[in-house]
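Below, each structure is written out as structure tokens.
Same chain, two partners: chain A is paired with chain B first, then with chain C.
The block that comes next holds the complex of A and B.
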């Protein structure tokens, strides 16, 4: 078989194999986005109701709506506090756990439990822990006289966002940690040995071996983790419903409320499209800045047909 | 990267213990709460329950649709795993072990699923799925879960696939074995730990899913565990914490059992070796 034949057969096989996944993504992602764009140009209130085309009216309305603009700000703060903060904390924890210690296997298995239980369980756990009158955190701090009045973790608008960020991080950081741990375990041990022979210290080893090796993982988690954080809905909805007032109303929460409780799906769709465009811009800039990390390095089959 | 000071490794141990405490203590606390009578929960509690009761579990198992929800959640999760595995294995093999132009763009395109603001686009999904008669069906729900499990699942398999030596395919090619047979007879058996990890990932994505289940499953007898649980816990004006605690334990238990059996395979399956 000539090299060219082999190459083209390899390429064809690769395309066939990835095709089902691509088609599924088109069905559940691309089509709904197109449909969402179409709805956003109409005056439709609920699914199936009559409507007329109103052009960009929903978009103009949203940009004139203070509530929408401030929810964009809250979403930005949420993404910084969750996406960015979580990735850094997870990396630090992973570095801490990576070296052998007694109980390492236990930690590696059970640390991801918060990620593996439904958000409904998380919401029950933490609403119960945070409860003002019978929650363990408040009652024990009161008993130790650390505080005089209970802290209203979820009912105080100034604290609610921080409490939710904590809970959401409790849920996702362990998962990110495990992925970093897997990446750290994949760094060839010989590289460290060689560095130690050369007398490289902890920091130099991290800078010249660990970091370059985990950079592709860090980049993908930085991107995907930020996108995940920006779209968090269930935990906020179950713990505060965006409250108290609008203190934790991020864009997903506001638009969900607009669609299903404000009976205005066209306006909600317009909000969704605006939010989506902002995320697309973020993703494109992020990918462009880190473009080298996204190239799949594989030279495996270069010489296969010789 | 060895640290040789005993003080530092002691400090490290303390920090790790603290982290594990923050992660696991809420589960223990809710487990204790689930055995307390509701009256004891609203008063100041002692660390160890004063009166042990099973009333919360009686209401959960006998007076709610708990078992129905577990069955429904399991059906959706099994569909999701069965749909995801072939898509992930085929997709990952394509992206990480074959060569064609546009491979990088394609892998980025798949990851772009996560740009999709799920809470905001459930309306169009509902419309499209109505047309495909996938509303009010566990399969439709699983299809959504699959779409969101596959792209990251493909990426999770990369470390494992890259760690397999290229000689595997070379040898097969010399012996005249086709690429498809190589994939099935040589790569897949070698990648078993990775595949277990991916199955766990898909299962958990489905088991914890809330939004699509809430939107797409209209009939009560199709509801999954998260939907049923939030309905009875947060649907009331006052939360009955004893009952909520039992519900939380009942929803976490299946995952707990899964982790007892295959938990330690997860990290092995997503890393390129070195973990035993």
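The block that comes next holds the complex of A and C.
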């Protein structure tokens, strides 16, 4: 059998192996998106009800809707806040627990725990802790005379977004930390040894060795993290339902509210499609601007699959 | 056997009944009798002025105790509680016969003025309070009064450290100038079967006879979330099986109060003998609660809150 036959057989086998995954993606991602696009051009209010085709009306209405525009701004702030906070904290923790110390393996294993806690449990847990009068945070700070009045973590519109960002980060930082730890493990130790021999301190080692080595990971996380953070719904809905007022109403929260409490599935679909397009554009621009890093990641995967 | 009018009225349109009530739910003024005794308040408030006076007296922040726990969040808890007060102030009708909003009226401005005042005697974070927080506030002793369904008998027994006798229940107070009316939100559930098939219709009749039989109905009312679900027929008001259920039997007085208030209830959007489609958004998007939340969080005036409530109803998209 020639090498070409082998390749062709491998290719066919590969195709068969990915086919179930592709089918699944078509079924649970592509078809719903296509259905969403179709609904967004109609006047349908609830799933299964009668409707008329209204063209781009829902899209024009949304662009004229201050609530939708401001929810886009809040989504951007949410993504930026979560992205920066989570990346910095996770990287710092990863650098810290990457140093040899007693119990390192224990910490590395159990740090993932908050990520494994279901979102509903996380939301209830933090709602209790944030409570103004009986929550552990306010009561502790008041007993220690750190504050005179309780902080309204979820009831003050200026603080609620920060509180949610913190809770969401509490969930995701462990996962990002693990990813960073994996990236740090791939940095050749010899480079650090050589740097130390040359008298390089921690900062110089980080700048010249660690950072360039983890940059591809950081870049991929920048993309994936943005997409994840953009679509966070559970924590926000369960903790504030977008409030107080509209202080934490991001696009997913607004669209859910529009579809299932405002009974306007077509308008919500249009909003979701606009948001999807914005994310796709962001992803394409991000990949283009960071194409070098993505090539490195792609090559790494190729090497691993050999 | 006769259905209680207040429950049937909600399911009428164009002179026809389109659903059969299954069970009711309504709100009462629930209060901690111990707190009242300690504060020297001899009886539960009957007027909204008395509510404010009692709430003021019962608010002792240094003890972590507040006079009232109001759900001022954009939730169904807020919607229902606030609507109950709107009704008590005489603003229960939210649509006219042509389904135009009628909420922008002096009664509702008075109701929101009262609620804004009441918020001063509530825990500071009521902007994030929903059912669990309100119930928890009364049970834990953080709040002395709430407007709530009589639905937390188990929690009261297990977690309050008090007895069933220490839980007070009273009708929703009304303004002393006579401008309001005895009222509570009625949140009943009903059976609907959409069929012309005589066999299925006959099946429904048989099912209803089974459902409303004293043994089945009494057992269900007495044990499913004791106190929350109320009978919708006159003869079930005295159902012995319901009253002898283990938990509910300890709260006979409070439960009787719920039963007595049933005739004075109504459901937003279902009292003008027609059906207004935007009632879905009114409830689903918690318009009354949104207005309340803005009034508390953004400190807008009661009139502005009512203007906003009307604006929300007019701009349903």
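Following the convention adopted for this analysis, the second predicted complex is superposed on the first by the 265 of 306 C-alpha atoms of A that agree within 3 Å, B and C clash if a C-alpha of one lies under 4 Å from a C-alpha of the other, contacts with A are read in each partner's own complex, and residues count from 1 in each chain.
Basically, a residue touches a chain if its C-beta (ideal position, glycine included) is under 8 Å from a C-beta of that chain, and two chains touch if they have at least 3 such contacts.
Computed from a prediction, not measured in an experiment: that's the story for all the values here.
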Item checked: Partner chain in contact with A:179 - chain B first, chain C second, else both or neither -> first
Notebook entry, point to check: Which partner does A:134 reach: the first (chain B), the second (chain C), both, or neither?
Noted result: both
Item checked: Superposed model, chain A: greater residue contact from chain B or chain C -> B
Note to self: Which partner chains sit in contact with A:267 here, chain B, chain C, both or neither? Use first/second/both/neither.
What the structure shows: second
Margin query: Is A:238 touching anything from chain B or chain C once the two structures are fitted on A? First, second, both or neither.
Written below: first
Check: Given the touch rule stated above, what does A:80 touch, chain B (first), chain C (second), both, or neither?
Finding: neither
Note to self: I'd like to check the shared interface: which positions of chain A are touched by both chain B and chain C across the two complexes?
What the structure shows: 127, 131, 133-134
Note to self: With touch defined as at the start, can you tell me which chain B residues reach chain A in the complex?
What the structure shows: 1-3, 9, 12-13, 15-16, 19-20, 22-24, 26-27, 29-30, 33, 41-45, 86-88, 90-91, 93-101, 103-104, 106-128, 130, 143-144, 146-147, 150-152, 154-156, 158-159, 162-163, 166, 169-170, 173, 179-180, 204, 207-208, 210-211, 225-226, 229-230, 233-234, 239, 241, 244-245, 247-248, 251-252, 255-256, 258-259, 263-264, 266-267, 270-275
Notebook entry, point to check: Which positions of chain C touch chain A when the two form their complex?
Noted result: 64, 66, 73-75, 123-128, 133, 140, 142, 280-281, 284-286, 293-294, 297-298, 316-317
Item checked: chain A residues within the chain B interface of the complex -> 7, 9-18, 20-22, 24-25, 27-29, 31-36, 39, 47, 93, 96-99, 101-102, 105, 107-121, 123-129, 131, 133-134, 136, 139, 170, 174, 178-179, 181-183, 185-186, 189, 192, 196, 202, 205-206, 210, 220, 223-224, 227-228, 230-231, 233-234, 238, 251-253, 255-256, 259, 265, 268-269, 271-272, 275-276, 279-280, 283, 287, 294-296, 298, 300-301, 304-305
Check: Which residues of chain A touch chain C in the complex?
Finding: 61, 127, 131-134, 149-150, 152-157, 240-245, 257, 260-264, 267
